[in-house]
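Listed next: structures, encoded as structure tokens.
Consider the two complexes below, in which chain A is the common component and chain B and chain C are the respective partners.
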Partner chain A sequence: MSRSTRVKTTTGMAALVVALVVLVLAPLGLPPFAMTLLTEAVILGLFAMSLDLMFGYTRLVSFGHAAAYGLGAYACGWMLLNTGMPLLFAVFAAALLTGAVGIGVGWMCTLATGVSFSMLTLAFAQLLYAISFKWTSVTGGSDGLAGIPRTVGPFGFAALSSKAGFYYLALACLVGGFLVCRALVRSPFGAVLRGIRENEAKTTALGYNTRLYKIAVVAIAYGLGGLAGALYAPFAGFANTELLFWLLSGQVLIMVIVGGAGTLIGPVLGAAFFMLMEHQLSAWTEAWALYFGLIFIAFVLFAPQGIWGLATGLAGGRLRSAEQRH
Partner chain B sequence: MSTLALLLTQTVNALSQSALLFFLGVGLTLIFGLMRIVNFAHGALYMLGAFVGYSLTHWTGNYWLALAGAPVVVGLFGAAFELTILRRLYRRDAHAFLMVTFGLALVVGEAVRLTWGPDALQVPAPPALAGVVFMLDEPFPVYRLFLVATGVVVAIAIWQFLERARLGLLIRATSQNADMANALGVDVKLIRSCVFGIGCGLAALGGVLAAPLVTASNGMAGTVIIDAFVIVIIGGMGSFLGSLIGALLIGFVQVFGNYYAPDFSLAFMYLVMLAVLVMRPGGLLGKEA
Partner chain C sequence: MALLELDGVTRRYGALVALDQVAMRVEDGEVRAVIGPNGAGKTTLFNVITGTVKPSAGAIRFAGHAIGGLPSHEVCRLGISRTFQITSLFPEMSARDNARLSAQARHGRRWQPFGGAKVFAESEALADAALQQLGLGAIADQPAGLLSHGDQRLLEVAMAMAQQPRVLLLDEPTQGLSVEETAQAVETLARFLHASKMTVLLVEHDMEVVFRLAQRITVLHRGAVIADGTPDEVKADARVQDAYLGGLE
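Entry: the complex of A and B
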């Protein structure tokens, strides 16, 4: 590792630690409505990060990632409403269930590649969307599931059901998810994923069963996406069909790209940026989607590396020029 | 209603639905075949076509002028978008197009809402097409028959255009091998602008034709874009005949599914698509993807 990359990694780590400390201390200083926004941004950040495993590291362009989010939300909401299961168990059970469904989805969608893969993921998500409308006895149809409780568990998890407590739960899931993803992409498994991204034929020729790897990464991404959805249901208190709609799939892809694909942290920033833009623009103008669309087009045209890419590029540039001076 | 009459009316319904879907799908597949772009804004342009059609009908008092004018307006808009934005992206990843056209869909959708307001707008069918005819003693709207006829005419026109016209030949050549066509002196950039404009114009034609049937509304973009994707995927990306077959298949699945099993009709379409893709990942007439 050269000196400049080492410096960059240490500065990066330092920045992450500072960010984490700020996030942990946030409930002390922020008003309640800002806490609500921040909690949602953390949940969406986890959702976007899960897609980054597929899109950023394996170049599996899912156009139906809302399926994972919605499935996690409905599963968690249903368990909380109907089984009296405590919050923590319901959240993780829903995530596991979504991951298991992800194996099936991965198996089916990886029959195709390229654009057809994207469209199969979209088809699957729309299928779930259609089901959520019609299977009224379980999903509540077009009304969705309402009044989802944050059931307190037996082991003194009562703190988790408060506003700050729930925020910490979401934050812990985000940090945990990040650590898992980072370990994954740095492992030999992650190297194979990058091999698939750069040249799948070559990776197959090296003796890897790329389809198995792809199915695995879809399942993991679904599990994490499902975890995010499972957090959203008790956070918002409801789960509705919009959580499965293709618009959300498009939006999460935007978050990943605007934040910076293939960086894990970038998509989290992208999700926060998305939340902030939606909130700020909608306070300022009714036509926020118009401006958001324009900003987004500008990002694709002029900053394809995303926010994180811009930030690290700037930091890297400053380091390089500092080195040249010495 | 006798079974025969029922079958007949449902069949004509399905054919008219297929015609509308075909206008969407064929534009999408032409654009994809030439530029490998999945145009996410296709549904928004369909909607734009319906609203421009509404305004033209009101200004001129003539639906036929709107029918001719809306595709031209939207087509020019599409060509301008290709010239100013898409052209910068041809060296980039395929997903850059998906993103940019998704952004365009947001912008167009919102611009339509700002310009024409949030309410659904009625576009009356011209008097000549407003009535009903009787088939096997069952009343049937003339307008749907008109849609079927238009679908047939447009399908034949596009097919002949691609097969016979010089521009059609150049489009096919560029789709097959853009670099080679360029080396032989074809202005590939111009062809791309043309095809993107034509594709958008066809979407708008679908929109303005659908308007008397379903009214022009803000929600119409979201549902049709998925239908259009499904058609193109089933038929095979880039295949003209594939988009026709896909539109017919989905038109019939939607109409008959809606009649016989309304609870499952939404799911049927995706199940058909999943089945086709599992058997033939490139679509019915597509190359292996």
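Entry: the complex of A and C
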């Protein structure tokens, strides 16, 4: 490793640690309303990061990632409403269930490649969307599931059900998810994913069963996306059909692209940026989506590496000029 | 027993017979060229051997395994590595990472989803050795997409070699190179083949390249083998002159 990359990595790590400390201390200083927004941003960040494994690292473009989010939310909400399972168990059980469904989704969608793959992911999400309307006895139909409790359970996790406690639970899931994803993309498995992203035909020719790798990454992305959804249900107290709608699939794709695909951190920033914009612009105009669309176009045209790419590019540039001066 | 043996291998596309009862034996350590006019079935032959395309009929044996119809990743794992007629690399990865990913395909822990320093170290050692063999040691850190065309062709060979194959299939390794680049690449290949004693199956258009590298030549014409022998025998064969060499004049 050259000196400049080592310096860059240490600055990057330092920046992340500072950000984490700020996030951990946030409940001390922020008003309740801001805490609600921050918790949602953390949950959406985890959701966007899960899509980055598919989109950013493997170039598997999913138009139906809301399926993972909605499935996780409905599964967790249903368990909390009907089984009396404690919050923590319901959240992780829902994530596991979504990951298991992801194996089937991955198997089905990887029968095709390219645009057809994307269309199959969309089709699956729309299928779940339709089911959420019709299977009223389980999903509550168009009303959704309401009044989802944060059941405490017998193991002393009472702290997690408070506002700050739930925020820490979501934050721990985001940090844990990030560490898992980072280990994954740096591993031999991740090297193969990068191969599939750059040249799948060649990766197959080298002797990799690329379809199995793709199914695996879809399952992991679904598991993490399901975890995010499973956090959302007890956070909001409800789960409705919107969580499975294609609009959300499009929005999370935008979060990944605006934040910086293939960087893990970028999509988290993209999700926060999206929420901030939605909040600020909608206070100012009804047509906030139009203005956000313009921002999105600007990013695609002028900063395709996203927010994280811009930030690290700036930091890197400063380092380079500092090195030149010395 | 021959290392690679084809018997009655046929491949049809509808009414078109791309390979017609091809029989062929490649001995261990041999450099064999497969030549023939355009559309003779050379690339189809490679595709059938490597499992990209299933044979319609016939048997393919490799080191005691029947490999006809196996998927390509399994054929590859048994020890047959190939390069492509059209350059196919990972353009944003360094030359070393290209070869490393290739070597990793043979590693028992290629699925490992965490850490993997040991997997990477072993694969990287194979990658560096292969890059050295093909004279690419100096450009190992450059992105593959930025290399000269000649180096890209050699990198493909290095990637195949990083898998420590028992048979190397080279599909027109000098395709698209200028006369000068071709001469350089051929010298590098000749040195490498001489030093490594690799078993090679080579498809090539350029007769000078074929006569410089190959010890035996198989001639395909309209999917069928019409001649098989040393370069001198093949040059003297009347049917070959008629079908192929004659066509050049």
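Here, the second predicted complex is superposed on the first by the 326 of 326 C-alpha atoms of A that agree within 3 Å, B and C clash if a C-alpha of one lies under 4 Å from a C-alpha of the other, contacts with A are read in each partner's own complex, and residues count from 1 in each chain.
The rule is short, and it goes like this: a residue touches a chain if its C-beta (ideal position, glycine included) is under 8 Å from a C-beta of that chain, and two chains touch if they have at least 3 such contacts.
Because the structure is predicted, anything quoted here is derived from the model rather than measured.
**Student:** After the superposition on A, what does A:Val138 contact: first (chain B), second (chain C), both or neither?
**Tutor:** Neither partner.
**Student:** Does the superposition put A:Pro304 against chain B (first), chain C (second), both, or neither?
**Tutor:** first
**Student:** For A:Lys202, is the partner it touches chain B (first), chain C (second), both, or none of the two (neither)?
**Tutor:** So A:Lys202 only meets chain C here.
**Student:** Examine A:Phe189 and indicate which partner it touches, taking first as chain B and second as chain C; both and neither are also allowed.
**Tutor:** second
**Student:** Could you say whether A:Leu111 touches chain B, chain C, both of them, or neither, answering first, second, both or neither?
**Tutor:** first
**Student:** Just chain B (first), just chain C (second), both, or neither: which does A:Ala34 touch?
**Tutor:** neither
**Student:** Could you look at A:Phe296 and tell me whether it touches chain B, chain C, both or neither (first, second, both, neither)?
**Tutor:** In the superposition, A:Phe296 touches chain B alone.
**Student:** Chain A residues in contact: does chain B have more, or chain C?
**Tutor:** After superposition, B is the partner touching more of chain A.
**Student:** Looking at A:Val17, would you say it contacts chain B, chain C, both, or neither? Reply first, second, both or neither.
**Tutor:** In the superposed model, A:Val17 contacts neither chain B nor chain C.
**Student:** On chain A, what residues does chain B touch that chain C touches as well?
**Tutor:** none
**Student:** Show me the residue ranges of chain A that touch chain C in the complex, using the header's touch definition.
**Tutor:** Residue positions touching the partner: 183-184, 186-192, 194-195, 198-199, 201-209.
**Student:** Show which residues of chain B lie in contact with chain A when the two form their complex.
**Tutor:** Counting only chain B, the residues touching chain A are 32, 38, 40, 85, 88-89, 92, 94-96, 98-100, 102-107, 109-111, 113-114, 222, 226, 229-230, 233, 237, 263-264, 266-267, 270-271, 273-274, 277-278, 281-283, 289.
**Student:** Once bound in the complex, which stretches of chain C touch chain A?
**Tutor:** 50, 52, 71-73, 76-77, 81-82, 84, 88-93, 97, 100-102, 104-107, 109-116, 119-120, 159, 163
**Student:** Applying the document's contact rule, which stretches of chain A touch chain B when the two form their complex?
**Tutor:** 61, 108, 111-116, 118-120, 122-124, 126-127, 129-131, 133-134, 246-247, 250, 253-254, 257, 287, 289-290, 292-294, 296-297, 300-301, 304
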